[in-house]
Structures are given as structure tokens and as C-alpha cells.
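For reference, chains read A, B, C and D in written order, and residue numbers begin at 1 within each chain.
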């Protein structure tokens, strides 16, 4: 599987009372991403509020996404569970429904040791034949994995073949590249570092941004690949404030509010998460106007 | 409710296959704490692996603990859930089964704003009449609450009346004391800072240590209250390495391994958590021997 | 030398044009500290703006302080120089003029390795027979020394016999006590952690506070030693806001402004340091009133 | 003055006994940089051990550098002094001897407020007509200046026209670019982030690396400007380990040891700084061999 480009993250639309998933709207959200020329769809990531779904809801979103994408692009299923048993459970499900890949991160209450994290990945890998993207995001998952440790898992676990790095520290990418002699593909998960990550050799950019700003991320990716550096810089700075905003105000809340501003109601994020307040909505509207 | 002294935290014993809770053993674990002269029992805290239990298991532990303690000391129920809906659900259950208090912390995937945290506490408080101890532990819960913010919740939410601080920063306690004119009781949740916290005015010390070292924590508490400062210092430094060890190696893993070393099998922690390795077990054995 | 209690830090009064040292006023500043019952005087520390003095001024302050104190209490000379050569130079001078001890810290532009720091201490120790207090204050000196490393210097360098810890991390003191079996005296350099440091076994408290609030620090020290814990706590919280303020607003600026408010003009700190602004002065006045 | 490209930093060679500056060798060090096609020479930076020189030595290096460069490229003089008076003194000297620009950073013992830092820059700017590059390097100077604050100085101080950023946080550069609408030139001072900084719009790269690896940095600069992104990435990763090494092991020590390995004795760094140990020298030799 030679994944490259923009990996789009759909939000999970809820019903008015926040209690159910609105699958029709999820379909429209996915369509928006496909129209924005994403090269893959990653369901049940941070933007998808996977951590706030019941098991039944989680399965529903996974299944629906695979069916709706219908092979147009690969589908990656995010798994970030507190217990290894539940991660195994979900990984098996992802395979059964025909997903193409798992994006697996530890999720911690207790800080996990490398031995514990390795065991987690290894157990999940043994339970499902799907390729695994190792995903490091200490800001949400509460545990940080070093480049050297992640690469040791790539070496030891046959299906673990890629890395997504979201710390926002460009040196991590330098380390991944250097320590693996450029052989292990890595992806950028830090929106407002996309320019640098792609220049540093990232195979792609994992982002919820196309849900609101169309193919601008894809244009940036293409400009860099074609050596149009002035254009790339201009495209990046055009998106920069927006990219930083959706991260700092919470991806799910920001994208859902942005979709509403664009006329597509995707419901509110699930409590305790709150939608953007009025001031934030106005700021977002201004940025979207500037990018339209 | 005038809570003071040592608040003991039971671990949650699992069956051999890690899949079920062994209630008989939980009873014995609670008895050990009561024999260690704890002034309250806090079920479903970090040490109790609450984050790794299914809903059914969580309810089982809560109910059994209240029944087994049987009014000898107050029972506090820890609640640290990702969604507000589930926290409400558990808070109602805690009240129904006759618990005395809730120890409520946010648990985050997305970083939560103060508005989101306030809403979480306020909604839970509205759903259950039990007194609430606001619990701040960014290392496990992924979100940090300042003294000023926690005190504002004490002021605005009638049943929120106490604070448990586990950052390990003694200045937080100074702030709580100073900003509240000494009127809001606070508890120490950082084992290896117990001496200072109690000297700085903490009403009590929340700890799993009595499960392994009997009434040593209670002796320390008493020495400080009686102004026996040399004795307090000696008692603290006697326990210090042990206290730091059980935190740094993971409370559940450390206490369960320690219980096994003392002849009481409480099973293993739930995966991805691992039991202490052999070297750690030997180190723990040495410390327990020194404290016996 | 059995140093214990309160070690007082004089500020360095400058002339109106900031260009010369006003020795008469320095004498009065020292007298204020002696009246506040300090157990030693430490010249040329942070409060004394040692880093901002020329070599001639530095020598002038050192000599005058030893003469003025005239053996009433021990005099400690602070040395924090960028080059080892200059530190040696000053250490020899401290001995020649009859000071009792050196308080030696590294001062870094480049981060220093432990080998570099050790060499620095060892070379200075070889050049002067005075006892050395190892002083760790990364916030000002730009380099952090671990308890284990400082204790290794105590072991290897015969005249290095004490430690001053100013990180504000109480665990450092626990480590010093534990790793040295309570045998290496340590002093607290973090004003707003004085209560805890003394309870954790610190031999004394290094502070500029007596310059403005008289023997309140000494009273706190005595209360703890006598096991009057409620009194100690009350004394500490009475001073707490003040202690935190003089640290956060800069010791030299704060103490000089406070002295002016109390009618003793000690000049301004040396540029780029600025005196307290009006708002800060009013806040300080309020705190001094409350402590009078 | 339209500065762009590679700004080279000479080390300061000392005599065998570490007590004097060897000007002949300084000349050779400067020649090496000029042969490496640097676009400017920056004397008395971190690499030049400015912080460890006496005033007489400092003046000697400044004067000699201007004379030796003799207008081939612009000469920038670094000034990082603890007192504003000394910074003024040096800034006047830099102008008198015919330097082209000052690179000015605060250097702190006490943490400085923005008011103090502004006053420092403003006073120096009033004392010398030379253009000022605002230099932010908290790791050495002990104080951090935000992009917004530095840009406010550019706006308020007529001669302050450029920024050098050395935190290693790429977001700082994004902020400088965004907040100034791309109008304030900024330079990269973090060697192992050169690829990203230049892609993010940095006008140049301040580095001591050409002293050891010739025009490799210049080649990287050119490749990026010409949109040869694969070549740029290859050139960067070729240098990466070396760039990280000279920073982490101390620029002055690393470059001096490297020069010695290449047959040009530049003496040792000044104590407490130590030369590279044997192991480090071997590692450096290996990297230099790989880059030759």
C-alpha cells in the first residue's frame, strides 16, 4: 500500500439531542472530503470524536464509512483505546468490514512504559492482518513515543509499516528519516507544520481541513512536490491562521461549527466538548471568507 | 462531612484470566486498608484501575465497596469519564448505592476549556446530591485545573466543597489556602509530597500506600498534627523511596505486585498495563522489608 | 562551621546616577539584616546584583561587607562567574579579606556539562581554602545541577560541604536528604517554599526578605524547630504573598523599592533592570502594611 | 542593507595557555568562512565565545575582524551583555571601527521583563546608528522574546530591522512572517532546522558550520531557492547529524575540535568550557569524513 498525499478526517455528525449518529450527514461530510481531492479517508480519528462514542456507535461509523467511500480511496480506521482487549476487538472489526488500514495509538490513563506500548501494538497486530500506521499524539493520547521506539516497532511488528507524527516537533521527523535511512514512510499530523513536514520528507498530511477549505491542502502538497516553493509558501501562509485555529479550538468543534457556517449542519460535539462560541465563530467565518 | 486523615485507595483484583473482578479479594483488600486505620475508602480511583473497567464492572466494584465497608468509614467514589453523560450516569449510581461522596475529575482526549470543565462538573452536580471532591491530576487525566479555577467551581457549585490536588506542585496548595482564606479543605494526592502537603494545611492524604505498609501513613499524619516534627520527618523519609516507587512504577501494578509479595494474590493489572518485572519486584521487596 | 537559621542577603545600593556603589547605605542595609536576627550575611548574591558589578565594585562590596559585619555573624561571598579564571580570582579575594565561606554557582552562556561544572568547582576549591556552598539556581544561572551530581561534588571536593537549592522543587531536597543519609546540610533558596523546605530538613533559609520584614523569617524558622506547626503555618501564610512577590518581580528591584517605601533610599537597580512600577509599588506597600 | 544567504560565525582562537587571542589564527578562521562562500561574517557570537572574553579582548576581535574581512562581505558584531551600559559601550565601538550591523540579544541573570528588554534595545539603538538584528536565543541568553514583542521593537525602534530566531520552534517563524505580512526579514539560528526555516521564508541562515563543512550550507540555501526540493532534502539530511552534533556538544568546542582534526589548531575553548573528549572527536571525525 503506497499511501501518499492528503488523508482526510471526517467529523462525526450527531442528532439534535447529541445522542445518536446521523449517518446521512456523515455521508455528506465524507463526500465533501472526496470532492476536496483527499487521497484517503481516516475514520474515527480525533476529528471524528472516536473517544466519545459508545462501542455500537463506533462500529456504526466504521462500517458506514467503508461502505460510503466504496473503494474510491483507501479507508483508514483510527483505534485509540484504553485497554488492549478493546483495541483488538476494534482491529478485528476493521478487518471484517473491509477497511484498508488501521491507525493505532495508545490511549493512556496511567502513563505506559515502552514494554506496555509494544505489547499493545503487538497484540493488536496479531489479531488483524491490516497494515498499521503507528500514531503518536501525546497531546490527546497522554503518552509520547520517541522516533527510535516507533521505528523499533516497525522493525519488530511485520504489519506496522508507517508512522503518523503529531507532536509538532519537526525534529521528530528528521529523526524518523535519519534513523530509518528514509525507508519508513511518515505522515504529518500537525496541521500548522504541514509546509515543513512535507519538505522534510513526510509522505502525506493527515488533516480535517479539507472539510472546510476544499483542495487547498492538496494544492499545497502538489506545489511542494513540484518544487514551486514560492507558491507553496504563499499557499501555506494563506491557510496558516486557519490551520492553527482549528487545532487550538478543538478539531471537532471547529470543523462542525465551520460546516454549519457553510450551511451544512453536522450537530454539536459531544459533551463535555462545547461548540465554538460566537466570537470564535465570527473569527472562523472571517478566515473562511478569506480562503474562499 | 468533615473529612480528615488518610483516605485509602483499594486496587481492583481481577481473576486469573484478567477478565473478571474477584470480589472476595476486593473485600480482603479493603480490610487491609481498614486495618491500616484509614479514615475513608476511595473506590475506583487510579489505583482501582477504574479507567480500564467496563460499565458493569465499575458498578459492581462501587456497590460491593459500599456494602463491604458497611459504614465503618465514609466511602468515596471516583468518577473520571470522557463524556459528561457517563459521569452523570455514574454519579447517580453512586448516590443510589449509598456512597458518601464523589471524587470527580475530568478525563480528556481533547484538551478541555474551563467552560467545558465547569459544565461537566455542574451537570454532574445537578444529577446527584452527593458532595463532590474536585480532583486535579493532569498526569492521568490530561487536563490541568488551576487553584483559582477550582475555587471558582467551589463557589458556584453548591455541592463542590473540597479539592484533591495531585500535581506534586506544593505552590498549588499555597494558592488554594491563600485564595480561599484557608476555608476550602484540600487533600494531597501526591504520595511523595505528603510531608509538605500536610504541613501546608492539607486536610488529608489520599493514598494507596496503606495497602502495603499498614498504618505508617497514618502515623505520619498524626506526628505532624502533634507537632512532633523530627518524628514526622523520620517517618516520611522512611517511607519516601517506597512512596516515590509506587507512583513512578504505576500504582495498580506496584500495589498488586506488593500484595502478591505479601502473600495476597490480587491478580495482574489489566492490559496494556503490565505487572512489575522481576527487578522491580525485588526492589519493592527490599523496600517492604525495610518498612516492616 | 555549623551554619543554621536565616542567611540574609543585602542589596547593593547605588549612587543616584547608578554608576557607583554607596557604601554607607550598604552598611545600613546590612544593619537592617542584623537587626532582623539573621544568622549569617551572604554578600554578592542575586539580591546584591553581583552579576551587574564591575570587578572593582565587586571587590569593594566584598571587602566592605566583611569589615562592616565585623564577625558578628559569618559572612558568605557569592561567586557566579562565566569563566573559571574569574571565579578563582574572586575566591582568592574572598579568602584574603577574611570571609567565612563561598557560595559558588556556575553561570552559563553555553550550557555546561557535568564535567565542565565539576572542573569549575574543583579549580576554585583548589585556589581557596574557604568552605564552599554549592548553589543551584537554574533560573538565574542557566544550568541545573541534580542532587546526585551535587552530592558527588561534596564527596570528591573536600571543601565543598553544603548545598543551596533554589529550583523550588521540594523533591530535590528529599533526594539530597535521602541520597546523603541526611548527612549533607542543605539550604533553601526558594522563598515561597520555606515552610516545606525547613520541614523537609533544610538547615536554613537563604533570603533577602528580612531586609523588609524584619525577623518574621526567623520567627518562622523557630516555630518549625519548636514543633509549633499551627503557628508556623500561620506565619508562613502571612508572609507568603510577599515572598512570592519579591521573587516574581525581581529581588533587587523589589527590595530596593521596599526600602524606599520604608524611608531608606538604596538607589535603583542597574539597567537593564528597572525599579518596580507604581502599581507594583502600591501592591508592595499593601503587603508591607499587612506585615508590619 | 539587503542581507540574505549564509551568515558565517568564526570561532575565537586562543593561545596555548588560553589567556590570549591568536589574531593570526582568527584571520585564517575567517578566510575559511569566506572560502565557504558565506554572505556575511558575524563576529562575537556564541561560536566566538564572546561571553568569555575580557573587554580588551572583545574590542580586539571586533577590530581585527572588520579589518581582515575588509569589505568583502558585511560584518555583523554580536552584542550580548548583562548591563545596558556595556552594550552601549560595545555598540559605539562597533560603529567606530566600521562594522555594518549589530546583532543584539539581551543576556540575563535576573529574568527581564519586556519593559526592561525594550529599554535595553532602545538605549543601545540611540547610541549607535548601525542597523540592529534582534536576536532571540533563550538557551544561551536566558530570556525568551515572543515574535509579537520583537516585531513591536522593529516597529518602535527605527534601526531595529531584522530578527534572528534560535529557539528551534518553527512556529515562531510562522508568527513573524504572518504578523508582519512577510515584511520583516528573519534569519534562522537553529542549525538543525535550516531546511524548514528557509522553506518558511527565512532570509538566511546564521551558522558556524561552514567553518568545518565548506559551502554545503550555501548549497542547501541555493537548492531551496531554486526549487530543487529533492536535492535540498538530500543536502540537509547529509548535514543533519553534523548540525545537530555541533549544537548539542557546544559550538565553540565542536568547531575548534573539528578545525584541529582538519589540521588547523585554533586552541581550546575557555574554561569552564572543555574541548570535545576523545569519543566525541571520533564521532566528529566520522561525520566530517562522510561530508568531505
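Assume a residue touches a chain if its C-beta (ideal position, glycine included) is under 8 Å from a C-beta of that chain, and two chains touch if they have at least 3 such contacts.
By chain, with names taken from UniProt: A, B, C, D = Dihydrodipicolinate synthase family protein.
A quick note: this is a predicted structure, and the numbers were derived from the prediction, not measured.
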Where chain C and chain D overlap in contact partners, by chain label
none
What is the chain whose Cα centre is as far as it gets from that of chain A?
C
How many angstrom lie between the centres of chain A and chain D, each centre taken as the mean Cα position?
39
Centroid distance [mean C-alpha coordinates] between chain C and chain A, Å:
52
Centroid of chain A to centroid of chain B, CA atoms only: how many Å?
34
Among the residues of chain B, which ones contact at least 2 other chains?
none
Touching pairs among all chains present in the structure
A-B, A-D, B-C, C-D
Would you pull the chain D residues touching chain A in the complex into a rising list?
168, 170-171, 174, 177-178, 182, 192-193, 195-196, 199-201, 224-225, 227-229, 232-233, 237, 240-241
Would you pull the chain B residues touching chain A in the complex into a rising list?
46, 51-52, 80, 82-85, 106-107, 109-113, 115-117, 119-120, 123, 139-142, 250-252, 270-274, 277
